[in-house]
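I've put the structures underneath this note.
Across the two complexes that follow, subunit A remains constant while its partner is subunit B and subsequently subunit C.
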Partner chain A sequence: MLDLIVSTLTQGFIYALLSYGVYITYKILDFPDLTVDGSFPLGAAVTALLLVNGVNPYLTLLVALAVGALAGLVTGLIHVKLGVRDLLAGIITMTALFSINLQIAGSNLSVERAIDTIFNAPPTMALFGGCSLIVRKLIVSMILALIFKVLLDLYFKTKNGLLLRAVGDNSTLVTSLAKDRGFVKILGLVISNALVALAGCVVCQEQRAFSSTMGTGQVVFGLATVIIGTTIFKKFDFVKGTTAAIVGSILYKICIQCAINLGLPANLLKLITAVLFLVILVLGNVKKGSLKKFGERLAPKTGKGR
Partner chain B sequence: MKKFTKILCAALALMMICAFSACSKENKIPVIGINQYGEHPSLDNCRNGFLQGLADAGLVEGEDFTVDYQNAGFDDDIAGDIASSFSANNVALMCGIATNSAVSCYAAAEDKDIPVIFTAVSDPVQAKLDSGNITGTSDKLPVEAQLDLIRSIQPDAKTIGIIYTTSEPNSVSTIADYQANAADYGFTIDAIGVTAQNEVTQAVDTLINRGVDCFSNLTDNTVVGVLASILEKTNDAGIPVYGSEVEQVKGGCVAAAGIDYYALGRQTGAMAAKVLKGEASASEIPYETISEYGIYINSEALAALSLELPADVAEKAVESKDA
Partner chain C sequence: MLELRNISKVYNPGTVTEMCLFDGFNFKVADGEFVSIVGSNGSGKTSMLNIICGSIPIDGGDVLIDGVSVNHLAEFRRYRTFGRVYQNPAAGACPNLTILENMSLADNKGKRFGLSSGVNKKRAGYYREQLAALGLGLEDKMSVKMGSLSGGQRQAVALLMATLTPLDFLILDEHTAALDPHTAEIIMQLTDRIVREKNLTAIMVTHNLRYAVEYGSRIVMMDRGHIVLDKAGEEKRNTSTDDVLHLFNQISIECGN
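After this line comes the complex of A and B, so read on.
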């Protein structure tokens, strides 16, 4: 029981990294970025290759960030410099990455148990060696999720971060400030895909495998988590988007775990997951509606003329 | 913030209920978690054979073990989620059907060193499933037997067209096998790699255009999934398609030298029974490759293309048709 919660939370924290990425493009930049389906397995492919060749697992985190950034840069350049529509720019990069990922990893690639990952390499063992592997996975993924949450929150407060938010909300303002909208968009895509590839890297270390099809559906996952997260926190302005992304990601994974553990026919898994999402979203909305009515009752509407 | 806490509590409570309902049925009977990559006839045969293999060893479902069967719908993420759920629920043994599920199971089993039994994995060495607390059966195809079969049915054939999915490791390793052995039987291989199911029909058109003498299928999940539409095109062009196992021949391929997935599953079930009874640990049992293969034919499909079956082949061939 406890194990189930621990492993679900672990999954939630790991995939929160991907949710951050989608949050930046979808929520902040208002850019439907499909690169994610390619940059996620890109991070995993590079990681699998490096781990198999004996590279330090912590170093792979940085490499994944870098290659993900590169993928975002490509989408950004295609969109901004070549004037290709946003959706199509993402599709182009994603499609190209499918081949590139296979080229990098050769084929689907497994990482043997003898190879250390970030969950059992020396520094992690020195700090949390007393815990079981399943708990270590939770601790490490939580630390990663929180580090990047804090970094992002700090970044959004900088001048550059504010500019990023402005491009999505009111891009004319950005132009009027004599800033290059295109550049800011590219920057957003770079950060977003770096995070997505990082998620791929951590998933690869946790699953000990890269599979070329592992990217399929990650955009949908990211969008669902961001929307679930932000819907729940609609009423709470002080809750940061990154927090919403973490919560959305965890809730999503809880839904899947519930569906698996309900013991219903295996083919119904996705249907049950879908129903659980709907319940969460409706719950969020109903509460909001009833809250509004409640508020109106407390403070009856007064005439316009007042 | 309170409201959020409420929702989160509700969600957590829901999860606990789910988990408890899962726990309650565990009692003390060991649970076998079956993680099947997706549903298609060969993999289903594997699973049914696996359960039969356990029954053959005298283990009774419901008394000696219970089964938690999940399929991932060909989704790697879900395969991983299923595996970690098995691990969290402390199953006694995990069974991974098809490479990606087996790899997920083995990764999740690391947490608690749960034994893993795999089946329908073409290349356990490439997938790094060959050492540790894991064993199982490989469904490596009898490629030379298949080449021999094609040669005996089509003595003048020169080129064999093969479509495979570049992301399926089983296909990639089998293609290499084909290419290494084709020359010995006087064939050349014209292989086209695809990345998705919707590219398969285009690849068929291309190969027909290039004038291949026949097609040979692998156990490629993506390609086999659209076998019917492949056969529609090849039958029009009058080109025979050879399968790689019995279900494909039933589906309309002319013939196949292939393995019986039910038998493969059964062999796997016997290994699982040993582990479950504590007779041997999974790490002590080496993985097995099925050595016997069967020749399966579909007379109707052969007749439609006016192909003759040599007497010596006909003797050992099994007619395969859906009842």
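After this line comes the complex of A and C, so read on.
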């Protein structure tokens, strides 16, 4: 039982990296980015290939960040420079990436036990060698999730980060500030997909396998976690978006784990993911709608706006 | 100096709704002028502002600043030395950022948006001073999100943000049209004060004939892509709201309104 809790938490922390990415595009840029379904397995494919070829597992983290950034760049260029709608730009890159991932790592590629990953390479063992593998996985993924949380939180406070937040909030203002809003959007997509591919990289190391279909439904997962997280903390302004993403990710993984424990066949996982997402969306809407009606009842039309 | 030379602009070319707005349109604004532009809907006022700012493409002619064509400059590059306040008070700032963050963004216009701290604490005192001068009590709300302010407050901050850095031109696009009469008056007085204090060259489009007559150093009336009235200096001072209204009504009757 304890093992189950630890592994669920581990999953939550690893996928929090993906949630950060979706948080940036969905919440900050207001850009429904479907590239995620392709950039996530891209990170995993590249990682699997590199590990099999004996590359240092820590180095794969950086490579995954880079290839993810490239995927984001492609979507950004398609959208901004070629004027393709946001949703379609993501779909185009995602579809292209499916073939690219197959080219990189085939339909499946497993990483043998003998190969070191970030969870059992010498530096990790030197620090956390006393713990069992499952606990090490939790510690390493938690550290990664926290490092990137802190980095992102710091970034959002910089001038550049402020500009990124501005472009999703009111892109007219960015133009008024004599900045190219297209460039800022591309930058956001680059950062977002770098994080998503990093999540793919860590997942690949954790499960020691790449599969070409592992990207399916990741966008929905990311959106769900961000919406869960931000809805929970709606009343608490001081809670950062990245914190909401971590909490959302962990809660989501707990829900899925519970469903599996209740005897849900693994084949139905994506179906449950979709249904769960729908439920979250509808619940959010119903809450908003009923609150509005409630408010109108409390304050009959006085004619005053605001 | 700003000059529109021989501008032509056709909307929906090649369709049944093709409409030629400007054909050989010329317009000049000298440095230090405060031009009020009036005219009925569809007269080309906002199109002219959009052409100046590069928000819409032109089919011919040149937009010149100090004699140099800026036709090739993208919209965002022109804003380097332009400030613009929109009709919609929400357009001038980010609703999910605080007043302080919005002011910091505006203050950094023209500089690099790098990885240094987004909010410069040292400048907070200056922002506070500027906000206090508005007389709306906003100086104590610096950490409040922009979205929670009223339309008038937002427009006041938007005006401040647009003029925080040195400008060549201030573009006011019906910036009082969405406000109640009282607030509109406050914003108009504020505009006048800022334009005078900073010695700005301003171009204001308005539907309020009284503002056009009372404020600014030059009044221009447009009708279907042509300038039908253009008075400056002494001549403008001798123009009353009634004179302008009379001409305005004449045009409207001709148009069948």
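By our rule, the second predicted complex is superposed on the first by the 261 of 306 C-alpha atoms of A that agree within 3 Å, B and C clash if a C-alpha of one lies under 4 Å from a C-alpha of the other, contacts with A are read in each partner's own complex, and residues count from 1 in each chain.
Note that a contact is a pair of C-beta atoms (placed from the backbone, for glycine too) under 8 Å apart; a residue touches a chain by one contact, two chains touch by 3 or more.
All figures in this text were calculated on a predicted structure; none of them were measured in a lab.
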- Regarding the shared-chain residue A:60, is it in contact with subunit B (first), subunit C (second), both, or neither? neither
- Message: I'd like to know which partner A:169 touches here: subunit B for first, subunit C for second, both or neither.
- Response: second
- So, A:261: does it touch subunit B (first), subunit C (second), both, or neither? first
- Item | Residue contacts with subunit A in the superposition, subunit B compared against subunit C | B
- Complex interface listing, subunit A residues touching subunit C: 155, 157-163, 165-166, 169-170, 172-181, 306
- Note on the structure: The subunit B residues in contact with subunit A across the complex are 1, 3-4, 7-8, 10-12, 14-16, 18-23, 25, 36, 39, 68-71, 73-78, 80-82, 84-85, 87-90, 99-100, 103-104, 106-107, 110-112, 126-129, 131-132, 166-169, 172, 195
- Item | Residues of subunit A defined as touching subunit B within the complex | 1, 3-8, 10-11, 98-99, 102, 107-108, 110-113, 132-134, 137, 203, 206-209, 211-214, 216-218, 221, 232-233, 235-236, 239, 247, 251, 253-254, 256-258, 260-263, 266-267, 269-270, 280, 283-284, 287, 291
- Which residues, counting only subunit C, touch subunit A once they are in their complex? 74-80, 83-84, 86, 90-97, 101, 104-106, 108-110, 112-119, 150-151, 162
